[in-house]
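The structures considered in this document are given below.
Each of the next two complexes has chain A plus one more chain, namely chain B in the first and chain C in the second.
Then we have the complex of A and B:
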């Protein structure tokens, strides 16, 4: 018993030593800034002066009155919902299509995956040019009158950004689904076939439940990624026109850095983290309960 | 459950770290790091000293190798001048090397400055004249020696001098106003307008003839902010030079001041008389369309000249101030490149060598001015590029009809105020908010209107 305990102690010490470097870096790089951000959120610090005057919770109270912050949240929520739905649906459909044994699937997979290797900043520039210069030329060529100037109007900018964002990321999430599909045991499908299940029934009763872990990863990943969108917006719309595509992160940056309201910006970021946590928690809890083991 | 809680805590920690810019990004994070937090209160000079001693051994005058760090917040016209400066410096002071960090002035410059304020400023900072007001008041900038300042125009000193000490060497200047297609004006018999009525007559004639009156690129919110300050200068600051100070004292406001409202409303005049796709049009496209004769005028600044002449070196254009309500508008003058130095630099001799090259090398100055298509702020230096609008500038200058926009920019700062107001104006133009809401938003932002 004692020998076993000693062995366990040794193992625990080894585990501890292994995680120490990571924890030190993580603490210095992440935990301390987290605590500092929390501290700054209760001050009126401008990011430049030495004085950090305490203002209590007034930054948080002002957040509720800040129409621009509410608008930034509203845009971010719409962007997130649209992305989560579109990206998951299309990524899954593409994955199923590529898993069906079609010819040249590696070529399709590569084509779909390439955009996610490009920086989001570049993607923003590319789509800005596409919408502003390239696609309108099609109207000239084909004599059509399609409105391609999606970034130029507050009513269409969300649509334009969702298209650009999905163009970039669908291939990435498709690979996750593809990996999930390839790990589904074929005997489950055979059993379903024997039971007389149609292709649609097999998809909803075998594929989807078996893909639940991948769905969890994709939904949480896309949601949190969309909630944090910044680089795509900076290079494409700049948050405009007006404030129509200003995301929460963009507003935090503009407030804290450009606007020299570090305290207020920190309060915004703390609020965002709390909401991110809640969303992630709800999603993980909800989706985990649907997962099944093969 | 404990595992979940721990994982969520770690996720949140990472997210806040990233949001506050401290998770490892070198761009904007230092302000929040524990080291920075400590440094800003006591140890910055010591830290900077140690770092400098490690990297650069001694001042340059004795010929020892020195590397100076330079943060350059550049306008769109400036990218590339660092190579010219390097070449000129290598010729005269081969022992001095400049380690450049070039950023857009409108984007990353101020975040970078905030970062360096915590860890120690670069030896040389290149920004705009209005930055002196922001950073010298924090005690961060070094006084520029009169030897170099005396090589510049006296007019360049006023807005970079605080309490009798000058902290910036203003290198060049931009002019802002309405650029117009001279050929088109001549063909249509239009005279340069001095009143709103005359301007409206040209707009009406343009519309009647199917000509777009104004080229604009409102996809760039900064362009809205820029022209709004032009309007503010002539309709507001022209009559009330301390309007910004009065604004902070609560004596005037956007919601109540007719002149300020008029200045804002000119944006609507432009919007109603420009390309319908202005919110999808970038500056280069906009300037190209102007050169190609698709539009008659463009409210802009000298930065457009580079594009105009790159697209068509024979494009004939002039400039006039955007007419105000009283018909006494002045052409806007903006000191652009302003060279500042760190108060904490350990290499003052080498820094002075750089200032010597910048202020004394006339060939370099002409090369930079020709490249940026800007005006000189150095004595006895003039650009050699053919600037079709120079005759107009000279005429306004001879009549004393030029005003320095730094007056407005110092009172109502760009970052956090003008920039944000421009976004509200864009939202108003898009129909997302009312004009009254737009004005109210500017008033609510009064706390961010000053750099102090």
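Then we have the complex of A and C:
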């Protein structure tokens, strides 16, 4: 017994040594920046000077009053909510459609998936050209009068970005739903059918509960991904027109790097991290509690 | 058991009857697929047009002849040999290090006994929720102070650091597929811990590594934020960063930009299409029961 224990101890020590390198790299590259951001957020540092003057929580108080920061958050929240709803609904719909026994399922799957392999920077540029040069051509062909210049107006820019973002990501989340659907044991459907459940009832009472783990992943993934939006904006709207599509990360970039207010920008970063963690945790908790145990 | 279940469903899919409503769904999905392909068609179409065609003819019209000169211009303007090699090196090296590191870390965490190992797992996995995109300021500052900016190993270090969390999580979910009995037998034969890992565990984790590698490769290949911060020097730039500067420089004559897009998307698409199976497995970890 005693010998066994020292054996496990000895092995634990070796296991420990195997974990150390990864832990050091992770700590330097991710945890340390988090702590640094927290520290700088209490200073008025400009990012260049040696001295970092402490200003207490005044950066956070100023953030609260900053109309631009509020606007950036407002845009980011609207973008996130729209994406979370549209992407989940369509991803699930397309997954159900592909799982309904149609022919050449894999071809559709690949086509819908390909856009997410394209870097968001490129997606932004392509949709910029689509809206400004390509789609208006359809009006001429069909004699219609649809406004395709979505990036040009502060009122429509959000819609334009949501469409571009959905084109890129629906296929990705659809694949997760598809894998979830294909893992639902068919005897469950048979049993529901025998009990006289209609197709709609089967969808809401069998499919949705069995998809709960996939729903958790997709909802959390889409929400946190949208809150971090930056790449998509760089080459499409650049945050405009005006400040209409400036996201939180973009504002951090502008404040800290172009505006030299490093301390103030760090406070923005910390706010974003805290909100992201809170949203993710609330969603995971809320959605997990709905997952059925099987 | 899980395998048995999945195999049975694969049969089920083909057994679903093809009715009128299936046909309707097929028709709708075909329209959707065409809509999804449309932007890709536009990219390809533009990439083969002459400047004259770009300005004077309809954007939907096919080019009279394939204008390979756009691709030549794209290769030159992107500095393709350099940027492509850079992106390839950053991606390949980061991904290999990640595979080595995450495999061994996840294994040690799952085999070690005690509070420390439980804590380590939580410590790593919490990183999935910490958005490095929100922390790019201190990430840059730390890199600058440690002389990591504008170096190849610096950007690779950051890709590894920001990829570890997901990697450990992913590899950990595969650990149950390694039979403990094999490891114990090896140990009785006098294998050290490290040797046990490389001789017994490592070969069994091959599908897991394929999954990890393709998931991370796709992220790193497409990264913009870290690359634009860390490697701004001309000889070290990545493809995505070079394309972005091409976009602003060629805002009106974008036939070259479109050709550049084709060039940059092609390698990762080929990789995906050939390794689709592993990619899907990585995406769906945790989404499927059993």
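In this section, the second predicted complex is superposed on the first by the 275 of 294 C-alpha atoms of A that agree within 3 Å, B and C clash if a C-alpha of one lies under 4 Å from a C-alpha of the other, contacts with A are read in each partner's own complex, and residues count from 1 in each chain.
Note that in this section a residue touches a chain if its C-beta (ideal position, glycine included) is under 8 Å from a C-beta of that chain, and two chains touch if they have at least 3 such contacts.
Note that this is a predicted model, so its numbers are computed, not measured.
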{"item": "Partner chain(s) touched by A:85 [first = chain B, second = chain C, both, neither]", "value": "neither"}
{"item": "Touched partner set for A:57, first chain B, second chain C, both or neither", "value": "neither"}
{"item": "Touching partner for A:137 - first (chain B), second (chain C), both, neither", "value": "second"}
{"item": "Partner chain in contact with A:146 - chain B first, chain C second, else both or neither", "value": "neither"}
{"item": "Most chain A residues touched (candidates chain B, chain C)", "value": "C"}
{"item": "Touched partner set for A:254, first chain B, second chain C, both or neither", "value": "first"}
{"item": "Which superposed partner A:240 touches (first chain B, second chain C, both, neither)", "value": "first"}
{"item": "Touching partner for A:34 - first (chain B), second (chain C), both, neither", "value": "both"}
{"item": "Touched partner set for A:191, first chain B, second chain C, both or neither", "value": "neither"}
{"item": "Which superposed partner A:282 touches (first chain B, second chain C, both, neither)", "value": "neither"}
{"item": "Footprint overlap on chain A, comparing chain B with chain C", "value": "26, 28-34, 36-37, 40, 47, 133, 228, 249, 252-253, 256-257, 262, 266, 269, 272-273, 276-277, 280-281"}
{"item": "Residues of chain A defined as touching chain B within the complex", "value": "26, 28-34, 36-38, 40, 47-50, 68, 128, 131-133, 149, 151-154, 228, 237-244, 246, 249, 252-262, 266, 269-270, 272-274, 276-277, 280-281, 284"}
{"item": "Partner chain C, residues of chain A touching it in the complex", "value": "8, 11-12, 14-16, 18-19, 21-23, 25-26, 28-34, 36-37, 40, 47, 94, 97-103, 105, 107-108, 110-115, 117-122, 125-127, 129-130, 133-134, 137, 140-141, 167, 171-172, 175-176, 179-180, 182-183, 185-186, 210, 213-214, 217, 224, 227-228, 230-231, 234-235, 248-249, 252-253, 256-257, 262, 265-266, 269, 272-273, 276-277, 280-281, 294"}
{"item": "Residue numbers on chain B that touch chain A, as the complex places them", "value": "4, 8, 10-24, 28-29, 31-34, 37, 40-41, 110-111, 114, 117, 138, 218-221, 277-282, 285, 415-417, 419-420, 423-424, 426-433, 441, 448, 451"}
{"item": "Chain C residues within the chain A interface of the complex", "value": "5-6, 8-10, 12-14, 16-18, 22, 25-26, 28-29, 32-33, 36-37, 39-40, 42-43, 46, 58-60, 101-102, 104-105, 107-109, 111-114, 116-117, 120, 123-124, 127, 129-139, 141-142, 157-158, 160-162, 164-165, 168, 192-194, 197, 218, 221-225, 240, 243-244, 247-248, 254, 257, 261, 264-265, 268-269, 272-273, 276, 280, 283-284, 286-290"}
